[in-house]
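Below is one structure, written out as structure tokens; the observations come after it.
When the chains are written out, they are named A, B, C and D in that same order, and each has its own residue count from 1.
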């Protein structure tokens, strides 16, 4: 860790944050916000949180920014100047921010020195994971083993959160009843293919398969290197979103129908929770993968944990992919799925 | 003294509540519906009467339904005081039910099923208060009564009823939540129990200030007793149909108020505590002010029911005064007055209702010469008025006699003066009614000469019955006198 | 087949798995979503009851998810406190689901699958928050229930969208404060398990970091429960939410948040720290007084029936928070009992509100005109709920108020006692105003006198739950003693 | 305060500053999109805080256990790897963040569709009408 480097990153982060909330042009604000997320990735990589950085790069700098852009394009691009300033809210906001800031600052005086290897967080629970991950689960990436096994229960609900978000966006924005059984209404068919640059289209067409392959690699190799279901799912989703952006939504929906999307989203979480329930049915506690060795041929309880983790990661990947695409489609089409970006 | 465990008090209370279901279900067939009312009334009276020998033998009946906390339970205890009150109300319920039929059908009132249903609930609560073994049970039934009587008071569902209903609830519910509830909780917090006992829960109370505050909270909090300034709901509630006024505002509701005060003074504070802190006088002063003011206001009322209402306010404070005297005779007089006043006042209300049914008139100034048209009713009215004033041979004389003796016993000459002057005022506001009814020239009469037209038979029979009771109670004041004496003996001897 | 030891996890995972199934089923046939939700919530309730019975018989149950021992894995801890709350949450959710049928069909016929999936997931979130013994797991579930809640509210459209958006912003601040508080504890101790934290924290009681952690977690819980003056989001969000949503969230959201406050206070920091070290005891009681008085006064000012109810929720939250910070046996017992009672009371009122909206297409006070004649049974049931809010015995509301007032007297917090009585009086005024409108004022379509109003009761799927809840209120009142002696007395921390 | 001490906690100060910016934007800004950006900044600030907790100075590397060569026994020491637990927690937080963002955007877009504005004041005005 190089503190000069740290300083530059942190300063950039601050600048981006201030810029993204003060820019009047929302499109610029969204892009600056994307940059902010990217700076954050650097910061976290620098602190050794590679999995977090990876996810942030895919989620924060990637799809979040796209969501934002899509939403801004559908609403108003400019922040309107006000007739009367929000003095009251500004005052409350400033007071709350200062109060909380002051309190937090006071508390930080008691914190252990940053990066101290002897700090309580470094010596109490976490060493257990580092030391036991190989003997317990045979998974070298400690983040994966904690994520999918030791604290796998959290992750199951986290996947559910994603699922909820997808469903919620559909429930809020989605137009039901107007459509026939299929996603393609009359006007959908009438929308001409948007005239994008053929160079971009060609480039994307080549890139997409590689992206998807990479996503699968990230998913499958999450046990041994940074990555896993979340990152893999987001990259998969990104590949579809790329199609939508370079061609139009219709082209993408042609490849991944909304109905199937919802099925995938449900299925993903069900794989996760179902794996847990399977352990339950086999007589062990919920999500105790080691019991899976009874049904997996030639597997020790330890390797069963590793396989169980892979199963749930696949589930996570499904849900994340499906939901990210779902959110994008609904935001970009304003729930109608009939327009391109 | 022995304590008998029996479920009878609970049954006595619940029988009318249980009758609500068949009453509502038979709403389409009025005769069947009224049969249920009578059935429940008779069963209730029988149950209450069956406990009489036990209590007269000097014993108590107890029943604990449900324990909430140590010292806080829904529990019943039948002692002489409670039985006296229960006997009065269950007897008069039957009379009022009969009267209600005449009145409600005579006027073709709407929503009669609702009326009879809530009437039954109100009676359940009244008996519940009478037999309550602790402040908690008493409070529950007291609140239930407030709520059950609201639809009765506002029966007409018009703007006037709405206003009166609002006033009624403001006073009744406001005081019970705002004063009685916290007082009860403070008592519990101080003593760890709410059971009425002798010589009183607060016997070892911490300080006089606390006791005074609690006393005021409880005496004023039971606003049904109509002690000024908590009386304003009573005249307003006269908007109700007359049988409601008769039973509830001459017997059940207001008597529940004074009965609660009586219970609290004797069972929570205890005679000895009140005597030693000299707090009887405080209550006595409140009562005296109410007696005189109410009687004076009654003089100026033209509406017959309103005049009766103010008379009630005054008479209720007699009972409170009796309790506040803290002497054997005074308290006996107070308790007896619960019964005597009930029979007298209900007669008067019945008469007022009968006049309204027969002639549609409400104001005294419109009743010149009515005695010739409705002789039976007006004779009963005379008897009722005599009883309330305290002229022999009516029951009211006996209770007043004891009250007067009580003031002498307590050497409270000012209170004696209050009682006597109030009696004069009572006479002053009742006699003109009677005088106008009978003693007028045919020219002055507002009614056609020579026509006798009484109210329907269902109205007349109950009022004759209660008038006869008032007279009979003079000659044969048992078992009420005996019960009152027993109760006082228990209170003072404990 | 599945051993009783596994029941705790079933309480949460059965509705979770069912939610996804409901979503899939909904693609095949929307009509199946309703019975499927009932089945899932019923199963969850059954598991909760079984667990509660076991807790009552044998004491606290620990369940290690993934068979990892705490503090390394996530642990479910079911003690007397959350066994009770679990039953309440599952029960209220089931009743709300039963009653939701017609409202959902009326409000969003095409989004039934989405609605029920979110509905069951929201319940899952609430159950998970209640059952967990891990501070971070609680955060994740808090977010599940929050996100489902936002979207269920926003499904109401129009003003519900604006209310929902504000709720997202404020709710996120609340959840983040909680998370930040957990972070403060984590940096100081290295643990996320509540029981472990309870062991580790006493050595650090003097540090500002722990103090700030406690304050942040409290602030988070207070925002989530709409504790005065952080209640701004609640009235709009709940008033304009679809009836089926508000029937579920109004009784449960604030109550579960109160539970979480109690859980965090006593199972993470311990009573000694909360009442002796934290310098906010008197302040919180006065805030509670302000909540009660403010909520009541705002409720008085409303012309909208549902909005009036939402302000009552704000007042009721004051009851519970104040009760806890009275710091004595009575007060805490009262607060916990009130979690149960208030959940059922609020359910009763909002079920009624749902019927009114269903029948009259509105929830202003004038929509209630003439309802006593039109829907006597509904009104009778509503009256029971209203009386319970006022605190008339023997309804449930009276008994928790009893404990709370006793606690106030015991702690010499006369302001709190006065506020409770004031709120009872205001509730009496409020509900009798409602009764007056429903009793005296004829419905608009009836002109002139003598026109008999035909009885037009609510559909059975809405009426039966309401009546059952009304009866439940009385039963709950009568059994509040056994509730206290079986569950609540063990939930009050020892030594206060 | 010595220079070293100041530097010892600068990460925490930055997170506090970011947090204040986010909180201020959420309350003070009238534009819904700006509020959402504020919300995201607020959430990332917390992630900075947690990730900072996990950092270890003195040669600790990313939390992926190095394999021993061909079955060679390899002693794993906790001090060699940064604390993985906060990373796991923050993966959750990022996911929650994007989920909240999606729902918030969806609601904001519906509001825009219904009231034709993203400005809080204008929306409230139109509600009053």
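By definition in this document, contacts are C-beta pairs under 8 Å (C-beta built on N, C-alpha and C of every residue); 3 or more make two chains touch, one makes a residue touch a chain.
Quick caveat, the model's predicted, so the values are computed rather than measured.
Asks: Through how few touching steps can chain A be joined to chain B?
Replies: Tracing touching chains, the least step count from chain A to chain B comes to 2.
Asks: Would you identify the chain whose Cα-based centre sits farthest away from the centre of chain A?
Replies: Comparing chain centres, B lies farthest from chain A.
Asks: Point out which chain occupies the most central position, where each centre is the mean of Cα atoms.
Replies: The most central chain here turns out to be C.
Asks: Comparing C-D against A-D, which pair counts more contacting C-beta pairs?
Replies: Between A-D and C-D, the larger count of C-beta pairs in contact belongs to A-D.
Asks: Approximately how many whole Å separate the CA-defined centres of chain A and chain D?
Replies: Chain A and chain D have C-alpha centres separated by 13 Å.
Asks: Using the average of all C-alpha atoms in each chain as its centre, how far is it in Å between chain C and chain D?
Replies: Once rounded, the distance between the two centres reads 29 Å.
Asks: Please report how many Å separate the Cα centroid of chain B from that of chain D, as a whole number.
Replies: Centres of chain B and chain D (C-alpha means) sit 71 Å apart.
Asks: Between chain B and chain C, what is the gap in Å from one C-alpha centre to the other?
Replies: One centre to the other, that is 44 Å.
Asks: Multi-chain contacts in chain B: which residues touch at least two other chains?
Replies: Touching at least two other chains: none.
Asks: Which chain D residues sit where two or more other chains touch them?
Replies: 19, 23, 26, 53, 85-86, 89, 92, 96, 99-100, 103, 106-108, 110
Asks: Tell me, which residues of chain C touch at least two other chains?
Replies: Answer for chain C, listing residues that touch two or more other chains: 136, 140, 143, 147, 150-151, 154, 161, 180, 186-187, 192.
Asks: How are the chains arranged in terms of who touches whom: line, ring, star, complete or other?
Replies: The chain contacts form none of line, ring, star or complete graph.
Asks: Give every touching pair of chains, nothing left out.
Replies: Here the touching pairs of chains are A-C, A-D, B-C, C-D.
Asks: Going by the contact rule at the top, pick out the chain A residues touching chain D in the complex.
Replies: Interface residues on the chain A side: 1, 3, 6-7, 10, 13-14, 17-18, 20-21, 26, 29-30, 33, 36-37, 40, 43-44, 47-52, 55-56, 59-60, 63-64, 67-68, 71-72, 74-76, 79-80, 82-84, 86, 89-90, 92-94, 96-98, 100-101, 104-105, 108, 111, 113-117, 119, 121-123, 125-127, 129-131, 133-134, 140-143, 146-147, 151, 154-155, 158, 161-162, 164-166, 168-169, 172-173, 224-226, 230, 320, 327, 330-331, 334.
Asks: Which residues of chain C touch chain B in their complex?
Replies: The touching residues are 387, 390-394, 399, 402, 405-406, 409-410, 417, 421, 424-425, 428, 432, 436, 439-440, 478, 480-481.
Asks: In the complex of these two chains, what residues of chain D are touching chain C?
Replies: 19, 23, 26, 32, 35, 39, 42-43, 46, 49-50, 53, 85-86, 89, 92-93, 96, 99-100, 103-104, 106-108, 110-111, 114-115, 123-124, 127
Asks: Quick check on the complex: what are the chain C residues that touch chain A?
Replies: 1-3, 6, 9, 13, 16-17, 19-21, 23-24, 27, 63-68, 71-74, 109-111, 114-115, 117-118, 121, 124, 128, 136-137, 140-141, 143-144, 147-148, 150-151, 154-155, 161, 180, 184, 186-192, 196, 200, 207-213, 215
Asks: Chain C touches which residues of chain B in the complex?
Replies: Against chain C, chain B makes touches at 66-69, 74, 139-140, 143-144, 147, 151, 154, 157-159, 161-162, 165-166, 169, 173-174, 177-178, 181-182, 185-186, 188-189.
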